[in-house]
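One chain, subunit A, links the two complexes that follow: it is found with subunit B in the first and with subunit C in the second.
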Partner chain A sequence: MPGDSTRMSSYARSVMSVFLKDWRSELRTRYAMNALLMFVVTTIAIVLFSLGSEGAPSDALSGMLWTVIFFSAMSGLSRTFVMEEERGTTFTLQLLAPPSAVFFGKLLFNLVLVLGLNAVTILLYLALITGFVIQTLSIFLVAVLLGSLGFAAAATVIAAIIARANTRGTLYPVLSFPVLLPLLLTVINATRLASEGAYFQEAYGEFQILISYIVVVVVVSSMLFEYIWKD
Partner chain B sequence: MAWKIFMGVLLTLVIVLGIGLPMSPHPQTWYELPVIPGLEEKARIIFFHVPTAWLSTLAFLTSMAYAIQYLRKRDPLDDIKSSAAAGLGFVFCVLATLTGAVWAKFNWGSYWNWDPRETSIFVLLLIYGAYFSLRSAVEQEEKRAALSSVYSIIAAVTAPFFIFIMPRIMTGLHPGAKGDPNGAGPVVEFKMAPPMRVIFFASLIGFTLLFIWMFRLRVRTAQLEQAHHAKG
Partner chain C sequence: MTNALTLSGKGLGKSFNGRAVFHDVSFSVAEHQTLLITGHNGSGKSTLMKIICQVLTPSAGHVQVGRADSAGDGGRDLFGFVSPYLQMFEEFSAMENLAVAMGIRGRQWNKREAAALLERVGLDPDRDEPVRTYSSGMKQRVKYAFALLHHPPVLLLDEPAANLDAEGVSAVRSIMAAQRKAGILVVATNDPGDVDTPDVMVDLDARR
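== the complex of A and B ==
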């Protein structure tokens, strides 16, 4: 039906405009990017200092990679919603866009941030930590892509809760960790498989868990977002 | 009233019989429990540890159900019920963790092994902790109720990955894990001897009734507290 397609495209347009609004204001201040980048550099430096010249087993290194990513992400991803509260623009946004469009716009923005963050972290990690080698690139790429999507979805909805709770950053990792842990453990496992040179088929179980996690979190968050967003 | 007496009798019987019934390698009479090689007397933990773990999951689901109810109807009583269930769930979660850890020391050699089920109860503890930190961080009552309801639902949809999926597809020490000779899978096949089975299910029922009783008490106390605050 023609009516449906115009409604669909206007919905897609409001998702995009929420995303572009955040993107432009991020480019103006570069707050989240700088915070994420500095956090990555700092944590990788700490890993390097603590490892010294000694290597570590590949499963420990895969775990540490995702520890770096988790805490770096926690430093910057709540920004999208906290910013709205700080500037007092929440109310305007509530009037201008339907709640789920706001959610998907912010999710898109966080997804771009997470993908950028992961790319930088992984490149630095591969370059600086000599013991960490990826043997099966296909497993690693799929795991990182799926992991980023799930990560962004869970981080976005928790960020929305945090911003409304007026607690800013302190509670963010506390609330996110239990929700993200199924994802983190699976991604760490897939990374370990990739660094040990497993066949692509061996990681199917991990991919299934990741995909079902993404579906569950995105669906439930988009349904619940309205209750967080509107008073 | 009658069901409380029934519960008291049931739990007393479970404690007395669960600890007191003799074990023998070849049970002759109905009251003798079989000896399970490798477990012996330590097998008795199943009467107390499994019900506490069951209750921590049940409380978690109850909390989620009332959270959904709250978001639909916005009745403050549902929020009280949701947080009361979460509070009880936390207590039983701690009990399950402690009884399990002490038992693991004697049977598996260390207090903690990061077996998938140990991971899952640890995550459940974290979720309860996060839930109460969130509640204490928001002052305004309606906002607190809405935000903690949403969090409880989100946590409840991701927790099954731990509670039901991971313990079964990963190798572990608990029954039902991958590689268990008695069969891995979502439904652990019951291979319990009849007298053990009777005590086990009696214990599950008794503990569940105990939960309902404690839950109702907590809800009533919270209501009274709120009425007291409202009066000033």
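== the complex of A and C ==
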């Protein structure tokens, strides 16, 4: 129906505009990007100094990679909602768009940020950490893509929750950790399989868990978001 | 049946953490009418305004807005809102703020129309400095352009003359007069002199 397609394109424009607003704002302030990059460099340096030239088993190195990604992401992903709350523009957005359009626009922004963060982190990690080699690239790429989407989805809804709290700085990683734990354990396992040279089929179980996690988090978050956002 | 615009609230109440701000507020305004909301500081004027534009959910009662042939068909685009606590995106210029707002509303962007509106509220449309460099009066003018660009049938003004000089107040009076001709005007203020002839009044001091 023409009415439905007009509504759909209006909704898609709304989602895209929320994303573009955050993106242009980020390019002008560089707040989240700077915080993320500083954390990536600092945490990789700590891993590098603690390992020295001795290296570590592949499962430990896979775990350390995602530890770096987790803490770096925690430093920047909450900005998307905290910034609106601090500047008083939450009400402005509430006037302009339905809650779900704001949620998906912010999710898209966090996804781009996480993908960029992961690309930088992985390149630095591969270049600097002795003994970390990816033998099955296909497993690693799928794990990183699905992991990034799951990360962004969970981080977005948790950021919306903590933006209203007074102790938002400390609350974010504390609240995120239990929610992200199933995702972290699965991507760490998939990364270990990729570094050990497993066949692609051997990682099917991990991919199924990651896809299920993403579907559940995105669906539940989009349903919950209206209540978090409105009152 | 006429296609007249109506705005009504029935039995509205709002509590925060068990503390009632107001209760049993009812009103009904038709097209070309003005609703005036008065009350002391803390009486809930801004809360009622947010409930009317459907940003806040009332603890009791309900709001209905729409044309006679689509009663209850509420939506964000029905409302334009100006208040001292409404904040613009300060890293963007006035024109960029309007473009962002229309995009997020899912509407088509018309730069010429936006430029004319900025001129109408007394701002230079070519000024490309971010809004954070504007004075509080200029920011208030941007808010009027922000509220009017999508031609809302219902215009809500919370403390309409806040931060404005005499010229700004005069511009606001002409905007209020134009809105009365085009749709419904809702004004919340401590100064009843802001509105010459309200058609319906709600005194929140009597509803605490």
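In this text, the second predicted complex is superposed on the first by the 231 of 231 C-alpha atoms of A that agree within 3 Å, B and C clash if a C-alpha of one lies under 4 Å from a C-alpha of the other, contacts with A are read in each partner's own complex, and residues count from 1 in each chain.
One rule holds in what follows: a contact is a pair of C-beta atoms (placed from the backbone, for glycine too) under 8 Å apart; a residue touches a chain by one contact, two chains touch by 3 or more.
Just so you know, these numbers come straight off a predicted model, no measurement behind them.
S.K.: Contact-wise, after the overlay, does A:179 reach subunit B, subunit C, both or neither (first, second, both, neither)?
M.R.: A:179: touches subunit B, not subunit C.
S.K.: Of the partners subunit B and subunit C, which touch A:95 in the superposed model: first, second, both, neither?
M.R.: second
S.K.: Mind working out whether A:161 is in touch with subunit B, subunit C, both or neither, as first, second, both or neither?
M.R.: Touch status of A:161: first partner only.
S.K.: Using the superposition on chain A described above, determine whether A:209 touches subunit B (first), subunit C (second), both, or neither.
M.R.: first
S.K.: Of the two partner chains, subunit B (first) and subunit C (second), which one does A:135 touch, if any: first, second, both, or neither?
M.R.: neither
S.K.: For A:171, using the defined touch cut-off, is the partner it touches subunit B, subunit C, both, or neither? Pick first, second, both or neither.
M.R.: After superposing on A, A:171 lies in contact with subunit B but is clear of subunit C.
S.K.: Going by the contact rule set out at the top, does A:14 touch subunit B (first), subunit C (second), both, or neither?
M.R.: Touch partner of A:14: subunit C, not subunit B.
S.K.: Touch test for A:34: subunit B only (first), subunit C only (second), both, or neither?
M.R.: neither
S.K.: Taking the superposition on A as described, I'd like to know which of subunit B and subunit C A:50 touches: first, second, both or neither.
M.R.: neither
S.K.: Both subunit B and subunit C touch subunit A; at which residues?
M.R.: After superposing on chain A, subunit A residues 231 contact both subunit B and subunit C.
S.K.: Subunit A touches which residues of subunit B in the complex?
M.R.: 71, 119, 123, 126-127, 129-130, 133-134, 137-138, 142-143, 146-147, 149-151, 153-155, 157-159, 161-162, 165-166, 169
S.K.: Which stretch or stretches of subunit A touch subunit C in the complex?
M.R.: Subunit A reaches subunit C through residues 9-14, 16-18, 20-21, 24-25, 28-29, 87-89, 91-98, 101, 105, 230-231.
S.K.: Can you list the residues on subunit A that touch subunit B in the complex?
M.R.: Listed in rising order, the residues of subunit A that touch subunit B are 154, 157-158, 161, 164-167, 171, 174-175, 177-179, 181-182, 185, 205, 209, 213, 216-217, 220-221, 224, 227-228, 231.
S.K.: Using the touch rule from the top, collect the residues of subunit C that touch subunit A in their complex.
M.R.: Against subunit A, the touching part of subunit C is residues 50, 53, 55-57, 76, 79, 81, 85-92, 100-101, 103-107.
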